[in-house]
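The following pair of complexes shares a single chain, subunit A, combined with subunit B in the former and subunit C in the latter.
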Partner chain A sequence: MNAEGRVYKATGIKLFWRMLLARAYPRFVSPIREKSWLFFETFLPLMATSAYVFVYKAVDAPPEFIGFVVIGGTMSAFWLNVLFGMAMQLYWDKEIGNLDAYILSPGPIMAILAGMALGGMVVAASRAVFVLVIASLAFQVTYTISSLPLLILVFLLTLLALYGMGMMFAAVYLAAGRDAWQINSLFQEPIYFISGFYFPVKTLGFWFAAAASIIPLTLGLDAMRQILFSGDPALGFLPVEVEILLLIVLSVVFLAVSQWALVTLERIGRRDGRIIERRR
Partner chain B sequence: MRSSLAAFFSARNHRALRTFLTATWLGWRQEASWASAPVFALYLILRPLSSVLILVVMYSVITDGALEQPIFAYIYLGNALYILVGQLVGGISMAVVEDREHYQMMKQIHTAPINGYAYMLGRGIAKLLLGVISALVITGVGMLFFPLPLHPAAFDWPLLITSMAVGLTGIAALGVIIGALNMVIPRHIGSIGDAVAAALFLFTGAIFPLDVLPTWMQSIGFALPITYWLEASRRALLGPDAARFPTLAHFDDLALLQVLALGALGFVVVSIVVYRWAVYRAKANDLIDMDTSY
Partner chain C sequence: MRSSLAIETRNLGRVYKIRHGRKSEPKELVALKDVNLEVPRGEFFGLLGPNGAGKSTLIKILSTLLLPTSGVALVDGLDVTRDMVEIRRRISLVSGGENSGFGFLSVEENLWMFARFYGLDSRDARQRIHEMLEIVGLADRKHTRIGELSTGLRQKMTFVRGFIPDPNVIFLDEPTLGLDVAAARDIRAFVKDWIRRYPDRTILLTTHYMAEADELCDRLAIIDRGQVLACDTPANLKRSLQQDTIYLLRVAPPDSKPAPNGTLESVPGVRQVTVAAGDGYSELKLRLAGDDALGNVLSHVAAQGSTLLSLEKREPTLEDVFIHLVGRGLSEDAPPNGAQGSDE
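Then we have the complex of A and B:
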């Protein structure tokens, strides 16, 4: 507190980094301490993925389409994590009283969001690997990887943009009431559809796919499928290089907007005295 | 006539029925009051419409748009009907979590002179009503924009009404079983209903014929009454146009209903036993109003 009686939050990279790790830590250790999570969080995407694979089998689809479903099902672990482990998290923290502690702590809330994202990525990745391996083996999917470094780059950029989007949603949901859950639910199946989780997004038409590209998974999935099933480049929506460029743009935009939204909503919430108000 | 009407209205005063109706109204108010009517309507339609459009696109990409084939109607209607399963199973099981953790009124419910089983069913019925609206909209979209061979005049109404009544009773009982288990377990309370619904989606051949499943998975499907409910409902809606796949083709309509009734009865009996056991355990171990923060 200074002479005028104003309180300044401590800042600095060290504080940010410590706060980030502190928030990520529970997510790192929770799968180890509570192993039963593994069953539920791998079982559900695996069931949904398998159902869509059997639809393709019922209509005698070419084998690469089964691979498309497996990749879509794998990436759905990240999307579900972004929706329920990122976007909803500050809202839930408010409901159970954790947000009070975050607000009172000297660290920036952005570091908490970044910690949630880092922890969420690691946990979702473990689920995704499980789904990928089991589904690939069970349905005998063959991958023809054209470039492993490119695949890794696309994957990481997709996650960066995706979790940036999740951080933006988390900030926005701070202002939500009990409609947060329902609104969040609206982002499940509709996004599976418009992002082409289970079919090449190109089939929806250029302009539809272009509009859907605001969701990083649309571009990420399309690029990954082109790299993983390099036999037929005609299935891709845009060239992989263009999709990488767009993913970089989306990452920067979402991270910047999430920072702005969080600061703005926190300021409004503090001013109105409603930031930790539970609304039922 | 007068005596039967009097009997009906006196039945309304019966505790279980009164509890059921009140819980249904409460559930409806909880489900429908969070948004304005247009937003709520969008919510009811957008999710199921997206899920069916995923299947339409998947099917069209492979078959080059051969939507007049019987298997398309099989997939489309199976997906629309399955909305009811998800809403009923998930709705009843999550009602326990919502009442206990979110609204924190479980203790009041279990100390009030009401029928707890009927209360759980009523809370689920509200979700079922939402599911019915979604399923009707999806089916209407199918009739308007896709060549679904659906003609209400040609429906086998007796088969449809019987299969719906019996099937939904069994599915509701399954929801009560999961809801009852949610009373006594501290973890994954939000996931169990979804996990069961997802597993049933796969094993019951909701969106593909059971024939494409490996034999061991087909056996699970044959053991589930929902498989027969879906088949009977499809036959009632599509009539002779219904695709007949080898796995269930040898069942005539009556045989389907008999197996369905037997399975539903089994679920109802098990649900009553599990519900009583769960309530006893929850009260005895002071779990009835636990806060798991899950």
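Then we have the complex of A and C:
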């Protein structure tokens, strides 16, 4: 409370941070309150991962390939979270009436998206760890980490770029309305293929892999695999340093585009009267 | 210097361009036309109008969700077009039937989250949430997940949400829509108490319920087809009809149409007639130039072969004022008009 007995309201960075944490909060508590995720988001990815492992075992693939699959299966938790927990979320929030409250708050809507991203990362990370540990133990994967700090850096940059892309998608899906469902379906399965979730992306050929690198997971997975299985760097698509650089560029571009898209969307929405209308 | 007006509009207009197909020419729909309003600080101001009148468009413009296409709108002395962020710090909006929040979070958690979106300190937020929930009788449900609340209780929570950021101006868009009698009464009691305790704050209410507007509002604007038809205190608005006499007649049988508007309105002394169908009867609301005209009306009814079931003389109500100005009741749809329209 201030001297006039009015409630103190933060501005600037403080407001941004409060909004971010407030929007992250539902994400933090949802796994505790709604336990169905245990089956759908850990057991099912584990099944898909296992299927690829058995294929590789059947054809006597090099042992690193088993590890590649496990890492791909682990990172799929983040991809699903970006699609359904980030890209679709603003659209869902509009449908249930939360978007009005976000827009009417005095802070930037980027803070809301950043909160969704932070909450999503933490929750997806817990699911990813579950898949990683169970699959690694079950299939006796051996990791030879060349540099732990580098691994952490690549992982964090991958998440930053990936969730930056999720924020951009959130703005696009909001504009697309109900068509967002179709866009999401379009992205979900093909990305498993073009980003090399279950195989080294290099096998797709340079130009295909280069095009697929617009999805941060392509570069992130490739770099992490090179660091985690340092025995055979020839399986990597680009040198890790280059991939780190590209991930930084992708992060900046996606975050900037999402910021621009949200501001533009709000401006057009205010002009045309479609900012919070449902099902128009 | 701080403006003495909480809300001010000057020749405010809003036109929507609607396309009914990608290749079709956009059609213009006038939602607001030359709206001029001045609402001083501390006033409980009401907007009364039928569906499509432009009430929600006006609220959206004032709450910065929509840009005007002409004119000026100021909230707390700030321009809605230029000072969007600063206005948002000072206002709040609650819409009836709103379903915001997350079902798996408790009442307190949801309110805390929304309070933080306004930058409130966590301790202040919890204190205000506790106080507000006590006032509306939801304190015992503080830890209940909102997915488990009844519609009325959930709406009370949404309502509380609007007051937690301590707004200077709060917009209540049909806040009691769909609520049962007790919940609506609690909400009305809450807002009356709030504006009494904080006399420098302002409330703008839109409502369909005449009695609610009459009970709560210091002043009212009656709006139809995007234009303000009258703006005054409820008492003055009713007084404007006091030279007329209002009668409520029930006649049977309803099928014989004893008093179709055109015929009965031609009876000398009859100024306006509205007809509502009842169960086995027709209810005629008549605005007469004076008591003398009643004899003519009764003769006309008898001549039509109808039976008079009851007769009641009434003081003018807001509804009578509304019908007088708009030409129809709140529950009746507006006649089609190609040049008009709204987002509601």
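Just so we're on the same page, the second predicted complex is superposed on the first by the 266 of 280 C-alpha atoms of A that agree within 3 Å, B and C clash if a C-alpha of one lies under 4 Å from a C-alpha of the other, contacts with A are read in each partner's own complex, and residues count from 1 in each chain.
Throughout what follows, a contact is a pair of C-beta atoms (placed from the backbone, for glycine too) under 8 Å apart; a residue touches a chain by one contact, two chains touch by 3 or more.
This structure is a prediction, so every number in the text was calculated from the model and none was measured.
If you put the two complexes together on subunit A, you find that subunit B and subunit C both fit without a clash. Of the two partner chains placed by superposition, subunit B and subunit C are both touched by A:I96. By the touch criterion defined above, A:L44 lies against subunit B but remains apart from subunit C after alignment on the C-alpha atoms of chain A.
Across the overlaid complexes, the C-alpha centre of subunit A sees subunit B and subunit C at an angle of 90°, to the nearest 10. When both complexes are overlaid on chain A, the residue A:E34 reaches subunit B and subunit C alike.
Using the contact criterion defined above for the overlaid structures, shared-chain residue A:P190 touches subunit B, although it does not reach subunit C. Shared-chain residue A:G273: touches subunit C; no touch with subunit B. Between subunit B and subunit C, the smallest C-alpha to C-alpha distance in the superposed model amounts to 8 Å. Comparing the two complexes, residues 34, 96 of subunit A contact subunit B in one case and subunit C in the other. The part of subunit A that touches subunit C in the complex is made up of residues 1, 6-11, 14-15, 18-19, 21-23, 25-26, 29-30, 33-34, 96-98, 100-107, 112, 270-273, 275-277. Touching subunit A in their complex are the following residues of subunit C: 14, 16-17, 57, 60, 63-67, 85-86, 88-89, 91-93, 95, 98-102, 104-105, 109, 112-114, 116-121, 124, 128, 145, 161, 165-166, 343. The part of subunit B that touches subunit A in the complex is made up of residues 34-35, 42-43, 46-48, 50-51, 53-55, 57-63, 71, 75, 102-103, 187-188, 191-192, 194-195, 198-199, 201-202, 206-209, 212-213, 293.
Of all the residues in subunit A, the ones that touch subunit B in their complex are 34, 36-37, 40-41, 43-44, 47-48, 50-52, 54-62, 65, 96, 177-179, 182, 185-186, 188-190, 192-194, 197-200, 203-204, 280.
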